[in-house]
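Step one of this worksheet: look at the structure below.
First chain written, first letter: the chains are A, B, C and D, and each begins at residue 1.
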Amino acid sequence: MPGNITGRLLRLASFGESHGAAIGGVLDGFPAGIAIDLAFIQNELDKRKPGTASFSSARQENDQIEVLSGVFEGISLGTPIAFIVRNQDTRPEDYHEISKAFRPSHADYTYSMKYGIRDYRGGGRSSARETLVRVAAGAFAKLFLSSKNIYIQAYTSSIGPVEINQNRSEIRPEQAGLNALRCPDPDAVVKMNAYLDEIRELGDSAGGTVSCVISGVPAGLGEPVYDKTEALLAQAMLSINACMGFEFGTGFKAATLRGSENNDQWDWPEDAQENFHLNTKTNNSGGIQGGITNGQPIRFRVAFKPVATIQQDQPSYTTEGENIVLPAKGRHDVCIVPRAVAVVEAMAALVIADLFLQHKALDK
Amino acid sequence: MPGNITGRLLRLASFGESHGAAIGGVLDGFPAGIAIDLAFIQNELDKRKPGTASFSSARQENDQIEVLSGVFEGISLGTPIAFIVRNQDTRPEDYHEISKAFRPSHADYTYSMKYGIRDYRGGGRSSARETLVRVAAGAFAKLFLSSKNIYIQAYTSSIGPVEINQNRSEIRPEQAGLNALRCPDPDAVVKMNAYLDEIRELGDSAGGTVSCVISGVPAGLGEPVYDKTEALLAQAMLSINACMGFEFGTGFKAATLRGSENNDQWDWPEDAQENFHLNTKTNNSGGIQGGITNGQPIRFRVAFKPVATIQQDQPSYTTEGENIVLPAKGRHDVCIVPRAVAVVEAMAALVIADLFLQHKALDK
Amino acid sequence: MPGNITGRLLRLASFGESHGAAIGGVLDGFPAGIAIDLAFIQNELDKRKPGTASFSSARQENDQIEVLSGVFEGISLGTPIAFIVRNQDTRPEDYHEISKAFRPSHADYTYSMKYGIRDYRGGGRSSARETLVRVAAGAFAKLFLSSKNIYIQAYTSSIGPVEINQNRSEIRPEQAGLNALRCPDPDAVVKMNAYLDEIRELGDSAGGTVSCVISGVPAGLGEPVYDKTEALLAQAMLSINACMGFEFGTGFKAATLRGSENNDQWDWPEDAQENFHLNTKTNNSGGIQGGITNGQPIRFRVAFKPVATIQQDQPSYTTEGENIVLPAKGRHDVCIVPRAVAVVEAMAALVIADLFLQHKALDK
Amino acid sequence: MPGNITGRLLRLASFGESHGAAIGGVLDGFPAGIAIDLAFIQNELDKRKPGTASFSSARQENDQIEVLSGVFEGISLGTPIAFIVRNQDTRPEDYHEISKAFRPSHADYTYSMKYGIRDYRGGGRSSARETLVRVAAGAFAKLFLSSKNIYIQAYTSSIGPVEINQNRSEIRPEQAGLNALRCPDPDAVVKMNAYLDEIRELGDSAGGTVSCVISGVPAGLGEPVYDKTEALLAQAMLSINACMGFEFGTGFKAATLRGSENNDQWDWPEDAQENFHLNTKTNNSGGIQGGITNGQPIRFRVAFKPVATIQQDQPSYTTEGENIVLPAKGRHDVCIVPRAVAVVEAMAALVIADLFLQHKALDK
């Protein structure tokens, strides 16, 4: 099952190498009858576009999406939605010297060992350019989810050692879009920018974390046992380039808490008499219990490592065993976390939309 | 896709409620010709058995596995391996009072909202008793992997606030089996036991973390993009009851590091001249780059929350909105982390065996 | 994807060798809240039981089903339904001489070539005894479908050269249960019995066809392109032991017709004004157009070859190349067609129930 | 699981409406290192092109394939192979009057009932134009199979009532390419052409059958139980537009034979002493026993109904219940059987290549 297709009822088949003719995807299982706002889709893509801030790659990616099928007179047909983005501003000559060498902490070596062949131009299929496909598909999923009043908001919660205010009540995730770092804490933004300036001058790179809140999810969504909501979210997040970890609710901190601290007590909402449902007084469970949603916001956090490409000479080996030095060059992000915000949202949207459809199949 | 079947080429179908007639599984895709040591399988099951230490549930689970198919004269046939374990020592009367109420941070409420019906006896399908199926199936996977010289070793790396020695070179994971806490650091074991005694007296519960090392995995295993090795491991781990987080390699800490700190430099092994392969000088990548293994040990860590059932009265609501108090009773673990070690190993074994077969399909 | 698991949203994992400890299945995705009548399930199993007529094997298969999970107080839980049937009256000694030889037109040789090992007792996994699992799972699917007013009726439409009345209007499929041959045409039954007596005296075997009608299926069910309703039915039927062909609607005869003869003209039902739908004046399409149901009865026909085991000496070879003669013995059916009627119904029920759930997922 | 993705290890995601911007596919799981001859791919596409003979549609489909990914310097990368074909010569105005009516025996009505919306232009997604995607993907599969010495040859075996010589030994399937009817029997070709001339003058249409031989398949391929080789072939064939039936080996005729007539006796090949394998003296099993290949050629036959669009006025209804007459017009084939030959081959290639990879995963 070569991993370029994901999802169960809503499935995305992704294709494309970084410097090939085009990248794109086929989204099968998208419900019929949804209004498709192409400007919204393009706007989502623009959010992950590099080159819009000083911490980003200078590669020009004026990525224009072309939808090839599945939409008729502005409405989804229920048939596969295919889309492509032509690759532009490719500079394969930048990569010639790595055609027989292996960059540290990239996938050059592992792809060579797996396939016996690789497209060395910009990492080929292993390039984070593939996340463009995710964002496009996720934008369609968002259109479906918003028709069900489900909304997804991710934001930068740390860059390097700089974290946002840990008092969650003072954070407005929806303000993430106000700055290029996609961080809703203005004080942190100042510090993050200073840190990134420092890192750039060192020719180094930075990691960080992205947090995400999904609101409007009804209780009862998700599947049990192996396909728990958090399990599918974890797979989706760890599949993003450079992702190193996932936690939901109290996450890793839960390991240090006591049951009496971590348990969420039930609350009886005023309107439960007419239409039975319960709330929780806290949301340490991150909106999920036993793999199934409880109606509270789903909350999770994702860790990204620093970009492997740095503006420093790095030693390596060729396939013939020659010890060489990979020079500092190329067009790369100092920190991909702000661009990853859009990718986290997109993957979350695909997972939740898929679970929504799966739930519908078995619901009364 | 109701989530009781997992895997791609090696697939496990799991069944059973905590207090039903039996639980068990069907393992399809297990290769033919592997010697099946039933004593080994039973021994793996015994590792997750409760009641063997003071922090464990007093429920007697003398779980004897019966293999119903797939093995002929001690050798796997290539046909599905089915196994069952009869449920014993069930006390459904313990659960009568929760039949119309919802325990905090359990799946009682979410299952009711999803299915409109639930087996309230011991949590029914949402019970961690299902992990027995995983351990049994994982034991078969281990037999296959050991025929390929791949070995999996997990261990308790923290309980509550007590962590093991962070100097990895002083830890011998294979010593995890020497004590009931399955912790390879004797100093930490003393502190963990003291902490658990304290928690038990408070009628409370504790969480913790489990770390895991997979050795012998050749370079080139794993699938790209959506089914990256770490993504499938993350799904597998987050599907375990009470799991709240997953990280691999430098994990969440990577978010605070610089690229120059986190990158793994290549090393040229002496025997690479004859048979090309590379090593890394460090293993911050946790054995995986671009989703595909690089031949170094796979390393990951998993967080478990404290057990939701505690020996303290907890308020709740019935379906009719009656505000009730759930009394402190029942037979439950103070901390499931030591028992979860076997489950983490089993899920890792299933994932890696599956990826091994998938790789073989496309390998030359 | 070793083929022991089938289905998409409603999935069946099957296990068991003919002479192993037990055979059984796990049915995942069965909706919650359906009343489960175990007597009905057992009665369905009895329909495929051998030994009830002179054309059947003398092997006693008093197959008693045990349901291990998924049903609580007579209602389905939405969790996996596992069931087993213990194998009884096994006589492995009957099969010793084929342990190193290959019966003509059986799977002995192909299984040996595939797996390098085989359970030679009664064909092991390749035995038609596995169809018991299908009938049990299909019985659950029928319970679900009847709650939606969908009904499935198959019947013997030919045995050897003896065919039923081709005037469809004179056939009442629901009368199939009135005789052991499961044939609704009393005149044909007389001729079929005479033919089977003749074949039995010759120590030979007979094939035949099974026809099937599915009524009550709403228009709009089924998936397009690769998973057309007829495509999934064809896979399901061809997966039954000894099945050699499938056709629906006018089937192979359609290849000889003209478009003007084969097209189904539309009809406007009286009640279409309130609730739009159309009928067809003929049903040459067998209830399916473009892979999707049109509301007319689904009609298809399946061909079964004569049983490969016959009461005549047959030459063969051992793995060492010794030319041997397999003697005429063993307990086998002269014709499995009447028993296959239950299997055809069961597989049809699984396919339609699965498509029903899939449709629900994407329906408004 | 909306059915636009097929396959297990080798998966094809198909997209595109008949008169949309483009149609195409993504082929995931194609092995790395295979030389890709684009001229061969284009030539396969040309085989299904209409307009090359008098029985074909006059629509100009100068379909030029563009490969967007997965091939680097003429070699497959192991990454997804995406390809598109732009739709040209579309005349949506031809279809305006069916936008609110339903053509007999087309999918207009069923798609409307399923999706609540349809692209009425040329049948939209239900158009046989989608088979172009299959032929392109199948061409890639053929390149892989030929590297394993596996070859697939289909041919027209009947058109309307005209059948080819039933003496199989006098038919050379590889001569199918010598005429536009893709029929290897010159005598039958004459009669078929005469029959088609007659049908065309009547403004009617004809059906027919396609036979297929797959040679070079090693013994031991295929999966047991639900995914038998014949079951996957049957699904693949019945998924082709207008296909009404499938049979393999002796097929429907087997239902009339006796076991002693239908069984294939084993034969001991001269070279079996060194490398054990068996032949059969006849091939009534069509190369498959118990779902798994036995090393003999795989033989099957597929029935196609006459084209539903005919050059005769046909009555129908609008969604408002208006009784209208659909006039005879449009550009359509009198008989699609000769064009279906390429589609049958392509689907067979995809199935066998997929089974080849699946077998490899579990083979020693």
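Convention: a contact is a pair of C-beta atoms (placed from the backbone, for glycine too) under 8 Å apart; a residue touches a chain by one contact, two chains touch by 3 or more.
Computed from a predicted structure; not experimentally measured.
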Which of A-C and A-D has more C-beta contact pairs: A-D
Taking each chain's C-alpha mean as its centre, the one farthest from subunit A: C
Distance between the centres, which are taken as Cα means, of subunit C and subunit A, whole angstrom: 46
Subunit A and subunit B, separation of their C-alpha mean positions in angstrom: 26
Between subunit D and subunit A, distance of the C-alpha-averaged centres to the nearest whole Å: 39
Contacts with two or more other chains, residues of subunit A listed in rising order: 1-2, 4-5, 8-9, 14, 29, 32-33, 78-79, 114, 116, 125, 224, 358, 362, 364
Of all residues in subunit C, those that touch subunit B in their complex: 1-2, 4-5, 8-9, 11, 13-17, 20-26, 28-29, 32-33, 66-70, 72, 75, 77-82, 84, 114-119, 124-125
Parts of subunit D lying in touch with subunit C, wherever the complex brings them together: 1-6, 8-9, 12, 14, 102, 104-107, 109-111, 113-114, 116, 125-126, 130, 158, 160-161, 199, 202, 204-209, 219-228, 230-239, 241, 243-252, 254-266, 268, 272-273, 276-278, 284-285, 288-295, 303-310, 312, 314-317, 319, 321, 323, 358-359, 362, 364
Subunit B-touching residues of subunit D, taken from the complex the two chains share: 9, 29, 31-33, 78-79, 224, 357-358, 360-364
